[in-house]
Structure formats: C-alpha cells, structure tokens
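Two complexes, one shared chain (chain A), two partners (chain B, chain C).
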Partner chain A sequence: MFKAVINADILKDSIEAISTLVDEAKLKLSKDGISINAVDPANVAMISFGLHPDAFESYECTDGEIGLNLETLVDILSMTERSDKIEIELDPEEHNLLLKMGGLAYTLSLIDLAAMRKEPKVPSLELPAKVTLKGSDLRLAIKAAEKVSDHLALGVDGSTFFMEAESDTNRVRFQLTKDELISLDASGPARSLFSLDYLSDMSKAISKANEVTVHLGKDYPVKINFSVAGGKGKVEYLLAPRIESD
Partner chain B sequence: MKFIEFASVCEKIEGTTSNLEMTKIVAQFLKNADDLEIVTRFIIGSVFPAWSPEELGVGPSLLYNAVSMSTGVKEAQVKDMVRNLGDTGLTCEKLCEKRVQRTLLPTELTTMQVYKNFEAIARTTGKGSQKKKAKMLADLFGSAKPKEARYIARLVLEELRIGVGEGIVRDAIALAFDVPKNEVERAYMLTNDLGMVAATAKKGVKELKKLDITPGRPVKMMLAQVAKSMESAIDEMKEAAIEWKYDGARVQIHKVNDDVTLFSRRLENVTKSLPDVTDVIRDVVVYKQVILEGEAIAIGEDGRPRPFQDILKRFRRKYDIGQMVKEIPLHLTLFDALYVNGKSLIHKPLSERRRVLEKSLKKKEDPKINVTPQTVTNDVKVVEGIYKEALSAGHEGVMLKNPKSAYTPGKRGKNWLKVKPMAETLDLVVTGGMWGEGRRANFIGSYLLACRDPATGDLLSIGRVGTGMTDEQLAELTGLFKDLIVSEKGKDIELKPEIVFEVGYEEIQKSPNYDSGFALRFPRLISIREDKSVEDADSIERVQELYKMQ
Partner chain C sequence: METRCVICKGRGLCGRPFCPILAKFCAIKRASIGDSIFGASPPSVFVGRVGYPDVRLGPLVPPEIAAKDARIYDDPAQWLGKGIEDVIGLRSNLVRSNTRLNVRSPRVLSDRLLIKTQMLAMASAPVDTEVKFLKPPKMELRFDGILSPMGPSGTLKDMSITENPSVPRKVDYLVSDKDVLAANATTELYESDISVYHINRLLSVGLLGRKKDRRLVPTRWAITATDDIVGKELIARVKDHSVLDEIRLFSTQRFGNRFEILLLPRPFSFELIEIWMPRSVWVGEGTWVGADREGYGGKRTYSLLAGGYYAARLGVVEYLENIKRQASIFIVREILPDYWAPLGVWVIREAVRDAMRQEPKRFETADAALNDVATRIRTPLRRWKKEAKLIHDFKFQKTLASF
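Moving on to the complex of A and B:
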C-alpha cells in the first residue's frame, strides 16, 4: 500500500536528480520513506537516494518495491506548476501508479521488477579528502571545465580545493581556499579525473543545493552528497574516475 | 558459463586453420557448455536464431559510441584505430586493455548475462533508443576483459571471424553428443536454429528425431538448379510439373489460425512489411494451420512485372508501410504446401502436396492471390510453349519439378530445375578496391567496377564485385593489382584503371550509389579480360541498353 501527497517542486527536484543517470529505477517503499539505489547503464555512476516521510504532506505506506519509468514521470511532472500538490497512489493489482494533480489524473504503468537490472551493491570507499562547498560553486567549476575539455580533475592540495581541465591548447583552473569553502578536511593530497559527460548531467541537481560535500581520493571515485527537499531528502552520487596511463 | 571461457575458445579457433581441428574444439566446447542454445548461436556469430524477428539494430557507429563511452576514449580515436587495425573487435580489445574511464563495480560477465543484455538492446526501440542501446552496450564493455571485448564487438556486428560456419557446428554437435550427422542436419533444416538443435541433441538422438517442422518457425527453402536443357530435364524426370518462374520474391507463409507470419528467402521475418499479403492469407486460406510457399510479385500498370528492386523495397520497408502498400501492391502466387493441420508434408511427393495446395484457397477468386498454374507434361514442345509465354509476360522462365519428389529443405537438387535466359555479361574497368577485414586484411577484398562514358572519357562506377571469391583467388588478384595502387585512404584503394573484368549479374538496377546511376544485382567475376583494354570496356550506353531490355 502506498498513498501520499507531495509538493510538485519536491517531487520534481528529487526525480530529476535520479533521472539524469537512469531512465528507470526500483523504488523501495517503507514507512521510513522512499529509497533508490541505481547505477547508470554504463556502470560508471551510481545514485543513492532517500526521501523521508516528512518531505510529504501526508504519507501512508507499507513495505514494497516498484519499478518506475522515470523518463515518463519527468515528462508528466513537466505539466505541473511548482506549487501544485500531487496525490500519488499505488494500484498494485493493476500494476499502476496513479498521479493526480489539479484536474489531471495520470495512470503510469509500473515496470516488471524481474525485467530490471539488479540493484547495485554500494562499494565501500575510504576517501581521504572531504570538502564542503556551495552547490553553485561546484556547478561553476564544472561549467568552466566544459568550455575547454570533456573531462576535469578534482583535487585537494594542502588547504585548497581545485578543479583543473585542459585540452591540447587551452587550460582552466578554479580553486577555493579553506576560507572560501564551508569546510575542508583532508588527511593527504587527492586528485582524480572525471568525465564531464556525467558531471555535467549531475550538476543541475547539485547547483540547487546550498551545501555539497565532495569526497575525493587519488585516482579514486568521487562521492558527492547533498540534500534535497529542505533537508528531508538525501542524494549521493558516486562516479568512477578516468585513469590515463601512458 | 563465464563469457571469458567462450572468448578463449573463440581465440583458440581463430588460430586454427584445419576444419577438422576446429570441429573438435567446438565439439569439446559444446559438450561442456551450459546455456547451450545461446553459446551454439554465439559460436557461429549470431545472437538470435536466424529466423527470429529480433535484431540488435546496432551498427558500427553505435558500437564506436558505446566503446568510447565505456573506455573514455574519444570516438574519433576509436575510428582511427579501426581504420589502422582493420578490425573492430581488435580495436575494442585494445581499448579495454588501456581503458581510461573506470567502472564502479566491474562484474565477471557470463554468457547468459551478455545474451540478456543483447536481448534488452534488441527490444529497445523508439525515441532516444540509439542512446539507450549505446549505454547498454557500454555496460558490457565496462565489465569486459580485453579478450571478451573483442568477441562482444564481433557478436554485435554478427561476424565472429573465427571461420566457424554452420557446417562445422553441425558436425561438432554430432561429435559432441554422439548423434548421426544427417539427423543433426535434418533437424537444422526443419527448425533453423542450431542452438535448439544442439540443446535437443544433448538429450539424445531420440529427442533429436522428434524435432519437426512447426508453423511459425521457418523451414530452409528448397532450391532449384539450372537445367542443362529442357530436353535433358524432361529425359531425366520423364514427366515434369511445369510452372512459370516468376520475377518476384519468394515467401514462406506460416498460418496458425489468424496468426500469419511471412519469411523471406533468407528466412527473415517480413510480416510487418507485408500487411496486404498477411490480410489476404487470413481472408482466403481455408486451412487453420498451414505452411505455404509462393512468390510475391508486383505487376505494373503495363501488366508486366515491376523491377525486382520494387519488391525488395516492399520487403525491407519498416516505416510508412501503408503508403508503400498503395505504391507497390503485391500479388501472391502459391506453389507449394509443406504442412497442413498438424501434419508435415515435406516427405510427400510434389503431386500430393499440390493436391493439398489446390484446395487451400476459398472458391471465390481474389485478385491478390492464386495457386500457380501447373502443367504436367513429358513433351518438350509444351515446355517450350510455356517458357515463351512466361518470357513474353516479362517473367524469368520456367521451373521443371519432379512430381514424385519430396521437399528437401535447404537443398539445391535435381528435382527442381530452372530454365531461364542467360543474362549478358559486362566488361568493366577496375578502378578501385577495398582491403578486406580480419583474415582477409592483407587481400583486396572487393573491387570497384566502372563503365566508360565515351562522351567525356570518364569512368563511371557501377558496383563492386567481391563476394564468392576464394582466398586463393583473392590472393592471386591482390598480386595482380598490387602495382596498380594509386592511393589508399583507410581501407579504400584507388587503382590505376588498366584491367577489365568480365562480370556476370542477375539484373541491372537503377542506383544513386554509383556514378553511372546503375548497380548490378549479384555481380560475379567471370573472367579477367586480358584481351581487352580500358577503351574496349562496355560503355554507359550499353548498360542503359541492357537495362531497358530486361
């Protein structure tokens, strides 16, 4: 059983943070909220997402799991105003999710769970550097890198967090010192290279967050944590690095 | 089964030249394989059974995109490597060796997983499907070890290049499961799925013998030989069933109640492209379950058959089908029945199958379908008469069939003979070529042909000839042309025009792909005209003339 009411902007922001990586996802439903662990089809990026019941106007739920086509859901949500309230109800017998918003009522058919990818195991990583900064700053760094290259390096050097990107001819560096950051905590230097294909997609959701925590290592995946829905939702992106050996 | 085991066997076979040795390796592999249906198909380089409508829909560029995505190497670089190595599989292997983009949780691939992934790729259609397919493929490359990547890429392009064909796999199945070769062959001809044959053979010869013709699953088509002459054909058969040889495309029709499936000569499922044919079958065929064979023909306003290309357009069309049905309406003429209401007829003589066929249509005539008229005779004069009628109606010639013969799937035997006029040959100048791929990488694999334009002195391209040549022939020709290479760009070679090929073909078609505006259907090298120089080659006028005459 699942029946809830939620503000359109919260649902939109949440779903968009996920759908940028995966077109479909398994949603775990429980009285503690909704959670999703999904890996992108190329096995390069992962999202762990959780939304607390407090993020909803009302929330009634028993444990369950459903497969959802996020592309379609995003499409439907584009019909709403940000201030709309959305009623969501699961019709398990018909394998449908019913969405009511204003005068509109959608029936969204669920995806057969058996036909979906297995949920990934979240790898446990020890990342030596932890940086917290404004989401808009990280977005700026990513945007700047896009101008010169298709990948960038993120790293920590002493008490400085930096981004570097270069092409054959051009180069850009963006850095923030400890004072300009919200916090920096590093047990050693860190630097890893990442594909902008992924970071650019993620940056839209990132930019909306006041605070983003970035965990980095040396030629290691990056972990990016931030909140949505006024702190009632949590997003964690994990992105595998590029390693250039020559 | 781990995919790496499959990849290792492929590699081993790739380094083997003896067919016998290959057969042994394949047999050993099949004997121990689980996922037998899948790996049997994999080893001949196909993902789905040949008759299945499922296809990956992945071309080289999508593959490059996927491997670029998962290894982090730019697409342009991937293309460069393919050009240098002359092989997409090896390129993917190299790229995975020094992959730049890492993956989060590389998993060990199994053959089942690879197959499931292919299945998902095949089922992805519609808006944004190219990108999704590329991502799913990237997932495989993300987990693949270098050697696995080589064979994943080749499977995707459905060309494994290890030299294992159906023949070797048939022999290997017999060897692996200790069943007679002819039973394996029989089962394959009737089911068209080596995977299924292997899995059944494993259960023993008794089970294998039970495999039979099933409506919905195509049967390899019986083929005809060229008759030496009408006289000799009649002499041999005593009495022959004579039918027109229509200028159309062969179809095998499977009907189970209201479900109609159509297969082309190559056993591709063409049901969706031919809704008019499906409809008429559903309307007028009286049998509940039946497999019929016939020829789809398109008759133009002048009452003569339209060019073969027009029919092909119908068979290949995947969109705007309704429009195509109006533009090129098809007529179906039926000439055989292989199965009716639970009974296989292929072992019955043609005369008996014909009786079933003649009762297959409702009495009321439909202009879209008929049973091919047949005359049984022992008189060569009668055959000649029918032959002339067929030709003057614009069709290809006549078929002479032995009324006592069974339907032998996939065989080109003496029981079906065709008589048709020889097509003229063309003498064409060789102006270019293309390096082969894989084991043919050191040979020129195909040759670009051109006719003369006497007005300008230009040489106008008209097609390529390359298929059907043995490695020996290719080597010989490569030697002949080596000193004539003017320039090379990737695999493309420009050749100094000096040598003239005599080229046979089935038909001349209009084509925007070549400078001459024409292309040859089924071109084949007949001889090297050492007696002819470039100036003696056939002109564009001659091509136009021959085009009009056909």
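Moving on to the complex of A and C:
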C-alpha cells in the first residue's frame, strides 16, 4: 500500500537527480520513506537516493518495491507548477501508479520488476579527502571544464581543493583554499580524473544544493553527497574515474 | 570540377585512376532514346527535392531491358562485386521520367501518373513499363553523395504498366493500413524481410503512414529516414542483449572505401570516423577527418556526417541483433582516391554489411586491435587517433565494478 501527497517541486528535483543517470529505477517503499539504488548502463555512475516521510504532506505506506519509468514520470511532471500538490497512489492490482495534480489524473503503468536489471552492489570505498563546498561552486568548476575538455581532474593538495581540465591547446584551473570552502579534511593528497559526460549531467542537481560534500582519492571513484527537499532527502552520486595509463 | 580539367582533357593530371568526365561520356553513348521507351523497371522510382513542396517524381526504366535482366539496375546488394565504372554504366542506362506534383498529393490520389508510380514502388520484381515523354530525354548523368547515379531524364506524358506487379502480402497490408504511423510500418516491413530499398520506395512515394500524414518524400531524405528508423529499432533491441565478451574486428574494402569495424565489450555506443584522402571525391589536396558518435542514450541531432552515419550504423546493429549481443561500435572509414565518383550512400550500407559477413579477427586489448587497424588505414594514426573518443573511453574509463 502506498498513498502520499507531496509538493511538485520536491518530487521534480528528486526525480530529476535520478533520471539524469537512469531511465528506469526500482523504488523501495517503506514506512521510513522511499529509497533508490541505481547504476547507469555502463556501470560507471551510481546514485543512492533516499526521501524521508517528512518530505511529504502525508505519507502512508507498507513495505514494497515498484519499477518506474523515470523518463515518463519526468515528462508528466513537466505539466505541473512547482507549487502544485501531487497525490500519488499505488494500484497494485492493476500494476499502476496513479498521480493526481490540479485537474489532471495520470495512470502510469509500472515496469515488471523481473524484467529490470539487478540492483548494483555499492562498492565500499576508503576515500582520504573530504571537501564541503557550495553546490554552485562545484557547478562552476564543471562548466569551466566543459569549455576546454571532455574530462576534468578533481583533487586536494594540502589545504586546497582544485579542478583542472586541459585539451591539446588550452587548460583551465579552478581552486578554493580551505577558508573559501565550507570544510576540508584530508589525510593525504588526492587526484582523480572524471568524464564530463557524467559530471555535467549530475551538475544540475548539484547546483541546487547549498552544501555538497565531495570525497576523493587517488585514481579512485568520487563520492558526492548533498541533500534535497530541505534536508529531508539525500542524494549520493558515485562516479568511477578515468585512469590514463599511457 | 577543378579548373585544371580544362587543361588536362583526361590525361590524368589529377591522379585519379579514371577521368570522371570521360567515364560520364562512355556511359552515355550506350543510351539512345526517342520520345517513348519500353523496358522492365527494376522496379525503381525517384522523388526529387528541388522545388519542395512541388517535387518531381516518376519511374526509372532501362530501355529494352527484359524483366529477367532488369533487377540489377536498382539492386545495390548485387553491385558490391563490381567496379565504380560498372555501376555508373548500369545507372546511366536507367532513364528517369518525371512529373511535377505537390508533396501532399498522396492524400487525395487523383493523379493517374502518381498512382501508377506507386504501383511500381510496391512491386518486389521487375515490371514491364512503357513511358511516353513530352520530348526526348536530355542526355545527362547525375552524381550525388546520397543517391545512386542517375541517367537521362525527361518529362512524363504518359506511362503504362503492361503487367500485374507482384506485391508482397505484407507490403499490400501496410500500404492499405491508413492508421499506422510510417515509422511503425517501416519497422514492420523490415521485420518481414522487405529490404530497406523497397521500404524506401514505399516511403518516398507516400504509401506509408496515416492517411492525413501521407506525402511524397524526396528519395534522398527517405533513404536516411529508413536507415534511421530501422537502426533505432534494432538498437533498442540490442540493448536488451548481454554485452559481447571479446574484442572483434571486421574489415572490408569496396569501391575505394576502406572499412575497419571494431566491436568492444561495452554497452551500446557508436562512433564513426571518416577520413577523406586527398583526391577522393569532394576533397582537393588535403586530408579531411570528421567524426560523429552517440552514447547509450542515442542521438538527438542530425549527424554532421550526414546519411552515411545512419547507413553505417544500420549495417553493424543488424549484425549485433543477429548474434544477440550488444557492444560499443567503432568504425573507421577511409575514402581512397579510387573513389572518384560519388555512388550514393548504399556503398556504405552494403560495404559495412559485407564486412560483418567476414570472419572477425579477435584481440586481447583495444590497443592491439587499433594497431592492426592502423596497418590498413593509409592515413597515419596520429591524424585520426584523437577522434577515437570511444576507444579512449574503453581504455581509460573504469567501471565501478573494479573498486
């Protein structure tokens, strides 16, 4: 059983953070909220998402799991105003999710769970550097890198967090010292290279967050954490690095 | 044509193995046409794009050619073993006749010549056809990057089909279905083993799609539309298959087009690098390198490599759907000076299909495969390696599974 009311902007922001990586996802429903673990088809980027019941106006739920086409959902949500309230109800008999917003009532058919990819195993990572900065600063670094390259390096050197990107002819560097950051905590230097294909997609959701925590290592995946829905939802992105060996 | 041709007059100063201008005349000599012709259309129809939305269309007929010999005039799959000059020779004997119509005319179907052209387009085998012209066709031969070469053309006065065309049941069924979308009809025809060439004819003469949407589609647009629609459908299916478990390399060379096709064990993506060598068609003295690609999510804008991109993609995804695997596809197409006349986009489609029929070489690493490719591509690797983004991703982008 699942029946809830939520503000359109919260649902929109949440779903968009996920749909930039995957077209469809398994949603775990429980009395503690909704959670999603999904990996992109190339197994390069992963998202872990959780939304607390407090993010909803009302929330009634028993344990369950449903498969949802996120592309369709994003499309439907584009019909709403950010201030709209959305009523969501699960119809398990018909394998449908019912969405009511304003005068509109949508019936969204669920994806058969058996036909979906298995949930990814979340790798356990020991990342030596942890930096907290404004989401808009990270977005700026990513946008600057897009102007010159297809990938960028993120790292920590002493008490400085930096981004570097270069092409054959051009390069760009962006850096923030410890006192320009919200916090920096590193047990050693860190530097890894990442594809902008993924980071650019993630940066839209990142830019809306006041605080973003970035965990980095040396040629290791990056972990990016931030909250949505006024702290009642959590997003964690994990992105595998590029390692250029020759 | 370069100004130098005036001085050279066919002596070969440009370095091409044949003089394109001379070859044009050789081919033309064979055709002598009065104000009416009789022959078996392969079948073949053409819809022009000049003047859109008022376009020219009509049947192509090789004069005096009997039904049993006619098919080869419009059957690219059979042209693979031939030389460029053979194809030009065949095509120059194909006489094009046309009438001018608005692209919306298939909705009302009042034009007699359109209905007859449509009957021809539906046929799967040569159809005896008589064509009468207002005046004898002009001697000319036209080349194009997308279209096959075409011979003389004249304005249609009347045409008659002197036998009952044989129409595959599925074609008849989908042409009569006026509620199905053209894209869905296209996929369904392809499923039923109707060739992309036949689908292309149907699409261009306005025989597919919902009644109110039916219209004439210039042949060159219809060719790429067919490749794209069928390609997209196959890609969607291929993505449901498991990932290929090894690196495979396929090669071929046809009509001065070298193809090296690498399949990498990764989820679907596609990349095509085109290298036009000096003195190949369209380029002067320099080498031109271009590349285009799409990731797992597909392509949103028209390819800068034009119709060739979609034709090449189709040939490889057909193979992947056959072996029920998905892979990252990386193609290098090098165009040699031997490709002195543009023959049309079928060269790419059929050459890629031909490559995929060969026994592949297998490699342990992407680098080993790339080095092997470089032994057959004449342009040095350093000139095009940077464009090979997909290979770089394959080599350098780690997956989360490795941590």
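Here is the rule we go by: the second predicted complex is superposed on the first by the 246 of 246 C-alpha atoms of A that agree within 3 Å, B and C clash if a C-alpha of one lies under 4 Å from a C-alpha of the other, contacts with A are read in each partner's own complex, and residues count from 1 in each chain.
FYI, contacts are C-beta pairs under 8 Å (C-beta built on N, C-alpha and C of every residue); 3 or more make two chains touch, one makes a residue touch a chain.
This structure is a prediction, so every number in the text was calculated from the model and none was measured.
*Asks:* With the two structures overlaid on chain A, would chain B and chain C clash, or do they fit side by side?
*Replies:* With chain A as the common anchor, chain B and chain C collide in the superposed model.
*Asks:* Which of the two partners, first being chain B and second being chain C, lies in contact with A:Ser195: first, second, both, or neither?
*Replies:* In the superposition, A:Ser195 contacts both chain B and chain C.
*Asks:* Kindly classify A:Asp112 by the partners it touches after superposition: chain B alone (first), chain C alone (second), both, or neither?
*Replies:* After superposition on chain A, A:Asp112 lies in contact with neither partner.
*Asks:* Now for A:Asp179: first (chain B), second (chain C), both, or neither, which partner does it touch?
*Replies:* After superposing on A, A:Asp179 lies clear of both chain B and chain C.
*Asks:* Of the partners chain B and chain C, which touch A:Pro123 in the superposed model: first, second, both, neither?
*Replies:* Both partners, chain B and chain C.
*Asks:* Among 153-161, 171-179, 189-197 or 207-215, which stretch of chain B shows C-alpha clashes with chain C in the combined arrangement?
*Replies:* The one stretch of chain B in steric conflict with chain C is 153-161.
*Asks:* Can you list the residues of chain A that touch chain B in one structure and chain C in the other?
*Replies:* On chain A, the residues that contact chain B in one structure and chain C in the other are 39-46, 120, 123, 150, 195, 197, 221, 238, 240-245.
*Asks:* With touch defined as at the start, can you tell me which chain C residues reach chain A in the complex?
*Replies:* 239, 266-267, 295-296, 386, 389, 393, 395-403
*Asks:* Per the contact definition, I'd like the list of chain B residues that touch chain A in the complex.
*Replies:* Interface residues on chain B, with respect to chain A: 69-70, 72, 74, 98, 100-106, 132, 135-136, 138-139, 142-143.
*Asks:* Which positions of chain A touch chain B when the two form their complex?
*Replies:* Per the touch definition, chain A meets chain B at residues 23, 39-46, 120-121, 123, 150-151, 195, 197, 221, 238, 240-245.
*Asks:* Using the touch definition up top, name the residues of chain A that touch chain C in the complex.
*Replies:* Chain A residues touching chain C: 39-46, 120, 123, 125, 150, 168, 193, 195, 197, 220-221, 238, 240-245.
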